[in-house]
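What follows is a pair of complexes built around chain A, which joins chain B in one and chain C in the other.
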Partner chain A sequence: MSTSLAAAPAATSRRRAPEPPKRTAAERWKRRGPLLPALLITILLTQLPLLGTLYYSLRSQNLLRPETNGFAGLSNYATVLGDEYFRAAVVNTLVLTASTVVLSMALGIAFAVLLDKKFLGRGVVRTLLITPFLVMPAAAALLWKHAMFNPLFGMLNWLLSVFGVDKIDWVSQFPMPSIVLMLTWQWTPFMMLIVLAGLQSQSTEILEAARVDGAGAWATFRRITLPHLRRFIELAILLGSIFVVQTFDPIFLITQGGPGQATTNLPFLIYQTTFRAFEVGEAAAAGVIVVVGTIVIATFALRVISSLFQEET
Partner chain B sequence: MSTATRRTRRVRPGSVVTGLLAWVVALVMFFPVLWMFVTGFKQESQAATDPPTWLFTPTLEQFRAILGRDFVPYLLNSLMASVGSTALVIVLATPAAYALSLAPVGRWKDSLFFFISTRMMPPVAIILPLYLMANNLGLLDNITMLSLIYTVMNLPIAVWMIRSFLLELPKEVLEAARVDGAAFGAEIRRIILPMIAPGLAATGLICFIFAWNEFFFAVSLTSTNAPTVPVFLTGFVTSEGLFLARLSAAATMAALPVILAGWVAQKWLVRGLSLGAVK
Partner chain C sequence: MATVSYQQATRFYPGADAPAVDGLDIDIADGEFLVLVGPSGCGKSTSLRMLAGLEDVDEGTIRIGDRDVTGLAPGKRDVAMVFQSYALYPHMSVAENMGFALEMAKVPKDERIRRVREAARILDLESYLDRKPKALSGGQRQRVAMGRAIVREPQAFLMDEPLSNLDAKLRVSTRSQIAELQRRLGVTTVYVTHDQVEAMTMGDRVAVLKDGVLQQCDTPLGLYRRPANAFVAGFIGSPAMNIREFTVTDGHARIGELDVPLSRATHTQLAREDSDRVLLGFRPESVELVGPTEGYPVAVRLVEELGADTYLYGSVIGAAELNGPDIVARIAVDHTPSIGDTVHLRVRPGQEHAFSPVTGVRLE
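Right after this comes the complex of A and B.
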């Protein structure tokens, strides 16, 4: 057991007492006891279903036409990858995720820098700024759809009418930007909080030293703060991407993937394939492809978390 | 010119501008929430107007109508799923976090990262087997099933968060307890649990937030017996007729518990959001 620990990269930490060289099997199980319930239920409800998805992805199966059930090899994958709807959904997912993450990160950094300063009512401002993330996403989606985007009496058009802009039917004319706008509003607090935690973990001594040396505010930010923030920004971007890829609520509630396929992302496409077309095999294959994509991002995310983790332990 | 005067001159107008800018930004971001809240107290004829109606006599009519429209069962389902799953999460995650920090099992790091990786798995990738599993066990449209899923969804966050609180405990206290010969169970109950109680409360609030707001599993796995509050809101998808005030009232009631929980827990929010990686 101790050898496998040593083999893990830099697994030893200062906080841990050195492991006694040998424990009996009984002792080891006694230690594992508290962990097992959580581990077992997690495996049961995440890993088992994932194996199920893998299994179904290799089968030709439609819940409405059981007579066609059978082993299908990789044909579902071929069907899915050759499907123009699937490819459009991949593109939509990438556009949606990248735009939302980049915009909310840019705003998040700006807001965090503001909040890092001292001013009157900072606590209240911080509380107001995190609220969009707390609002139930389903409620937020409907609120944006009807109260913000509505062409006749939406607040967005009213605001623009001040500048002489004509009425716009946001969801029909600009479906993707509308969804991105709503999601950016929702995710900016997430980015902001992580970046703010990074800003506040900066050593004041170094900043003070820079100021004494005559470095300007911008130079200090670019040369000292940004490099320090790098890992926090990376972590926020990676976690944000993983969660924004999974976006379902606003698609389901605002656009239903439309108009046409304009806002159909992968989660919504898979939902449709599963629960509206009952094409279990194809939905499962698409699901496996999404998991593979997520694993790629998650690998980087875990690496960043791991590096933050090494430093802290 | 001395540095002192230069500093006061440079800093002061700057902080006023910063403060103003921050307030403007915060009000813009908060506006949709405020508007939802305000619109819920309007008559329908005042809710959808061009230009928007700013002054009106508030009414509770919409809230009454929502509560009269079978909203309560949805509310109870949401409460059961979120409170039940949160309680179960804490019960499961606390010992697990202990076994991954203070009394580490072998390969504890692998277990820790296994938990976090499950939180990253897209729900759509497992929805079908979960649906079929629930169907075969007779647990479809069942609040227990939904609670179990929320439990597993929140376990990684809770394990990581609680672990981070455990690691912050002063080592001396734990060692003193051990030297005094406190038995294993007593050590946990008498020494550790009281000390991490605030951390557990924070973890509970974060888990409650995610469970209460969850929509995808709820809409996929429930229909008539166990639908939660977000599912109730799907009744407002179409835009026929006058209903904006009523939607706003429903959305306000749906969102309020978590907004309050989030405000209370905001100090620990970042730890939960970053899965314990950032404090």
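Right after this comes the complex of A and C.
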């Protein structure tokens, strides 16, 4: 083309983006200055407690025996990791979290698929289904303890009596399933909302294409909808796990970690170590271990979230 | 492969006060390429979706071959559809996308692979079979959507504006590829577009819709030469036909200084409607330049030189009826006048069209 002649001299000096203008130090601080208060508050609120916990986790610190206080190295960590109660609490936490998350996810998907259809009174049903998530955890725990689980006047027994089932003392006979049941009730709406968002972001033309291609309802769900939902489900499971690991209110209010250690999970064990045994150092060490565990999970969660935004064009 | 026929097919959307498709009657022959064309919102997509089974048929019937498919599920109709957005399955590879319908139909695996390969070869997609749709260009995605349809070897192809997401140049080349492919495969095809050039170049026959009502269904040339009403006349052809309304006196339409004779048939039809006016139209390409004593004097307001053709926009001097939008005329390149000139134009005899001003229907 004729442009090649004119373009020739320009080609030797390659075009590149202009350098950003240099700023003096004073100018830079003038820009950053107004942000400092917010930064300081954030550091104060989030990092100081963590540093405090780290500090205590390295000390022998019992509120009842102040004379033994002093630097203890990693011995708190050794004690905690060697403690069979701690290991039992880890197992309980895993069982509690895994069953709650799996059950509430299964129910959440079912309800989300239902709510994705048009039917009379959908708005009301949706609000009702979300309600458990909005009730304060402590209030929900009390509600379940008395109104649902009570062996004499609880609704669960009343419901089962219709089928001729004898009275069950839920909390003493089935402590872990009871807590899981209550938590599943509480977390199903969270799972449902995320899955529903996934369902509603699906293109209707793709679903129609599947119908024309001869896929039935089940094949469409399994081959088209589930792969689309995968990211949403992963995200919901990871976020849900992080929250459920921290469950405290229902354990404290319904079972007190019992009977025996049957429902003692990590947060409740840390609470007991601090406020029943006053072993601040050991509690701090356990807390640090939980934080590290949670950070590992959260890192995966964040990865999923960021990949969610790169998905599908 | 099969015939397709709409018989008084009607669709009411809930809440709408008029049907989106109203008593559609079309018989499509085996292997025919039929184009549904019309302005946006005229019910083209709805008609196509009724045939696919994605939209209910409220009245009338739809038949494919000798089967009445009116109430049949989309998957049972043995038709393949190409969507405007292509609607490729995003998490499946190109090969899986094309093979999905065969898999649903429980076609054995090696047969499936053979047919996907064959379609990929025809569409030049062989090197992309393992890619996901998001790693393809727009034109390649369009071909995958076509491939998904042809591997099925269905009774009919349904296509809803499959080219509207491509750039202008690719649209022209893909247009001819699709038409050629359809001739080769011989599969009955219903193709929806709002673009009348696409309709005229691709279809064996073209059905023009307006407000859910079929206006005319004919070959492209038939539509061009004998539009059934003023709407079709104005819709088909680019630039559009010049159509104006004139008063009729003594069997002549008076235009400026000249009387234009109307045929006897036209005259009797107008008399039956008790109308003393008539719609007359002529295409820009039916006009020729004549000497100063003949034809109509036209003041040139705008000249468009396209290289092969020149279009004049102007107003006829001394004809109040022709005020309003400029009339358009195509003239030979070597006689291009300048803006502001006065030229004399004449419509070639026999190339004018007359329509009833009341119903818009063509008058002979």
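FYI, the second predicted complex is superposed on the first by the 269 of 313 C-alpha atoms of A that agree within 3 Å, B and C clash if a C-alpha of one lies under 4 Å from a C-alpha of the other, contacts with A are read in each partner's own complex, and residues count from 1 in each chain.
As a convention for this text, contacts are C-beta pairs under 8 Å (C-beta built on N, C-alpha and C of every residue); 3 or more make two chains touch, one makes a residue touch a chain.
Everything quoted here is computed from the prediction, not taken from an experiment.
Visitor: Per the contact definition in the header, classify A:L64: touching chain B only (first), chain C only (second), both, or neither.
Guide: After superposition on chain A, A:L64 lies in contact with neither partner.
Visitor: More chain A residues touched by chain B or by chain C?
Guide: B
Visitor: Between chain B and chain C, whom does A:P137 touch in the aligned arrangement: first, second, both, or neither?
Guide: first
Visitor: Touch test for A:A26: chain B only (first), chain C only (second), both, or neither?
Guide: In the superposition, A:A26 touches no partner, neither chain B nor chain C.
Visitor: Could you say whether A:V296 touches chain B, chain C, both of them, or neither, answering first, second, both or neither?
Guide: The answer is neither, since A:V296 touches no partner chain.
Visitor: For A:H228, is the partner it touches chain B (first), chain C (second), both, or none of the two (neither)?
Guide: Second partner only.
Visitor: Name the contact category of A:G216: first (chain B only), second (chain C only), both, or neither.
Guide: The answer is second: A:G216 touches chain C but not chain B.
Visitor: Quick check for you: in the superposed arrangement, does A:E208 touch first (chain B), second (chain C), both or neither?
Guide: In the superposition, A:E208 touches chain C alone.
Visitor: Which holds for A:I194: it touches chain B only (first), chain C only (second), both, or neither?
Guide: A:I194 sits against chain B, while chain C stays out of touch.
Visitor: Please report the chain A residues shared by its interface with chain B and its interface with chain C.
Guide: 313.
Visitor: Report the residues of chain C in contact with chain A in the complex, numbered from low to high.
Guide: Contact set of chain C toward chain A: 52-54, 73-76, 79-81, 83-85, 87-91, 100-101, 104-105, 134, 148, 152.
Visitor: Contact residues on chain B for chain A in the complex?
Guide: Listed in rising order, the residues of chain B that touch chain A are 15-16, 18-19, 21-23, 25-27, 29-33, 35-36, 39, 48-52, 92-93, 95-96, 98-100, 103-107, 109-111, 113-118, 120-133, 148-149, 151-152, 155-156, 159, 167, 209, 212-213, 215-216, 219-220, 229-230, 233-234, 236-237, 239, 244, 247-248, 250-251, 254-255, 258-259, 261-263, 266, 269-270, 273-275, 277-279.
Visitor: Within the complex, which stretch of chain A touches chain C?
Guide: 203, 205-206, 208-216, 219, 223-224, 227-228, 312-313
Visitor: Given the complex with chain B, which residues does chain A contribute to the contact?
Guide: It is residues 1-2, 4-5, 8, 11, 15-16, 19, 28, 31-35, 37-39, 41-42, 45-53, 56, 111, 114-115, 117-122, 124-140, 142-148, 150, 152-153, 155, 158, 161, 185, 188-190, 193-194, 196-198, 232, 235-236, 239, 242, 245-246, 248-249, 252-253, 266-267, 270-271, 274-275, 280, 283-284, 287-288, 290-291, 294, 298, 301-302, 304-306, 308-309, 313 of chain A that touch chain B.
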